[in-house]
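Below are the structure tokens for one structure; questions will follow.
As written, the chains take the letters A, B and C, and residue 1 is the first residue of each chain.
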Amino acid sequence: MNRRALLLIGLVALAAIPSLAALWLAGPGGDDGAVLIFAPSSFAPIEAELDAGLAAEGIGPVGWVFAGSQSLVAQLVDGAPADALITADLSTFAAAQAAEVTWPDERLITFNVLVLAVADGNPGEVTNLEALADPDLLIGFCAVEVPCGRLAANITSTLGVTSAPDTEETSVRALTAKLIAGEIDAALIYRSDAQTTGLTTVPVDGLNSLTNEYWGSGNDRGMEILHWLGSGAGQRILIDSGWGP
Amino acid sequence: MSLRIDGTLQRGDLTLELDFDLPFGITAITGPNGAGKSSILRLVAGLEALDAGRLTLDGVVLDDRAAEVFIPAEERNVSIAFQQPRLFPHLTVLQNIAYPLRRQGHAPAEATELARPFAERVRATSLLDLRPRRLSGGQAQRTAIAVAMAVGASTILLDEPLTSIDEAGTADIRRLLHQLDTPRVVWVTHDPADAHDADHQIILGSR
Amino acid sequence: MTPPARRPPFAVLAPAGLGVAIVIVPIVGLLQRTPWSSLLNRLGSDTVVEAIRVSLAVSVVAAALSLVLGLPLAWLLARHDGRLVGLVRAAVLVPMVLPPVVGGTALLFALGRRGLVGQWLDAWFGVTLPFTTAGAIVAATFVALPFFVTTVEAALRQAGTELEEAAAVAGARPVTRLLTVTIPASRDAIMAGVALAWARALGEFGATITFAGNLAGRTRTLPLEIFLALESDPASAVAVSVLLLGVSLAVLVALRGRWFTR
């Protein structure tokens, strides 16, 4: 073998190593047999519980891809491989159906409601939704472009509450993080996020009159997971973490 | 009144033992490359400091590490023309000559007027509005000498001012340097003729 | 005479070509998805115009702050050596290699209402930086400053101390030397540093969204607008992306004397 051929092989190998490493690091995207579920980021904190529950029944393994619902749909539109999709509200699910990235089978999985959560120790002395319009308090919302923000906008208009947000975060996780850091006084976040992070909430009548429905769709392998989520074992985990009734 | 150096200067692994006076008139410093000729000028100008000993100018201590005295360059009554002319690229020839006059507190217009005679002395009147990058080596060195004169110091240091110039231009500048009306001129040169024409000579050995 | 030019060997051309492709292909992809016919309408929409306004204010002030704070810093770093200077240089450069979201998190815990310094700002002056335009400016300056400092420090180092020495002998005190010689003589590098810092500030996303939040008209800059629009109106997101791409190219062209040649 001459020297030039060796050099070429060396270069190809050099190029191949990072590519293979990237494929490997990309994780469940590989064909390692995991069922790939695209799920809203609000499920991220209970990943371990869900995995344990699934393993106990011999289902899976499952690879979770967490992101904002809209991003999940966008990824599927761009050709990301998936076995199932769960969105955090109906309108995003409808958008996914319109974009033809769902499967024939679909089901309701759970629902989420908003709660009025406050920073540790309630430094803003928030007692009701009027606080959301208080210019002296730092108030956070989800941006209306994402499901939690759409729900918050629907609720405030239904209840006739005005609001003066200081920030419109791009995901409920980012909003929750700022509450935990104590950088905002109050925010409307999902009950599940408040519960999984141990944030203090202020009881408010009427907040649970509107809900975001989590719908899912998948192929046969994906639907097996979605049905489990809708079964007694799956529902118990979700309800314990703030979803559902 | 004199300029006196008595001390040591460490340059890398070379130790310069210095002990001499620089009297009024023109003193030529000669010696082989690396003997520290330029370092002596930098020492006097305040761009380097003695490692030990003392430097005095006309009775004033300029540099004495033991006594924690070091008068910075801008406060010394000394100016210098470097081997490679150091003109400010963003200023014209006239503005370069006016620069030290501005630092002496003259207003811009006044400093410019005061700078013109120096430009005439070095025959740079046709160059006044040019920027340094447009000048030939000789023109740049003549401008630099005008700047050094405009500082108005009682001592002018010349660091091989003729090496960056074509042979043809040197006679002109040589004549200029011999006619400087500054009381004390210290001229580093490797030209035996220049050294011979000077009032005093210091020959450095390479130790 | 030099020998006639030969085609570079394939073993060099192939990886070099791939390197170019990895940069060019995404840009082509962006341009291919651009809604050219509605581009101006989308860029003229109220939300985008508002984001342009915030972005301009934030990036221009951040670039100005980088100049005012960065110039003395660059000079100190260029003219001094030693372990402390090395540490300071490393510290100043950290934002260049730090993921911006980490920078934003750090800013939040330092300057936030409950942060190390922020709690005193709040208690003594009633100032809270997060969720304000000032906060967005701090985040942008945090990421932009190193670009100015490295550019100008390198230029000052290269320029050396020769002119400053000449100015000193001519009677100029240190600050005067800086103002009348060092800065004017390094004008090109300083302008390049400002342009780079401005471009970086304009593109800042991670630190801003983490530290300053996201509110239209106050902290929602163009990159945040892109991120939000991706959720609801991808075509507008592409339109704004093309706008920022254009601005970036303009900065590069303006700097071509420095980087395109030599």
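Keep this in mind: contacts are C-beta pairs under 8 Å (C-beta built on N, C-alpha and C of every residue); 3 or more make two chains touch, one makes a residue touch a chain.
Source: prediction; values computed, not measured.
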Chain contact topology (line, ring, star, complete or other): line
Two chains joined by the most C-beta pairs in contact, as defined above: A-C
Chain nearest the overall C-alpha centroid of the shown protein atoms: C
Subunit A and subunit C: spacing of chain centres that average the CA atoms, whole Å: 32
Intercentroid distance (Cα basis), subunit C paired with subunit B, Å: 43
Rounded Å distance between subunit A and subunit B, as computed from the means of their C-alpha atoms: 75
Touching residues on subunit A, where the partner in the complex is subunit C: 4, 7-8, 11, 15, 68, 70-71, 74, 138, 140, 143, 145-146, 165-170, 174, 178, 181-184
Residue numbers on subunit C that touch subunit B, as the complex places them: 162-163, 165-173, 176, 180-181, 184-185, 187
Subunit A partner contacts - residues on subunit C that touch it in the complex: 10-11, 14-15, 18, 108-109, 112-114, 128, 130-131, 209-210, 212-216, 219-220, 224, 227-232, 234
Contacting residues of subunit B [partner subunit C, same complex]: 45-47, 72-74, 76, 78-80, 82, 86-90, 99-100, 102-104, 147, 150-151
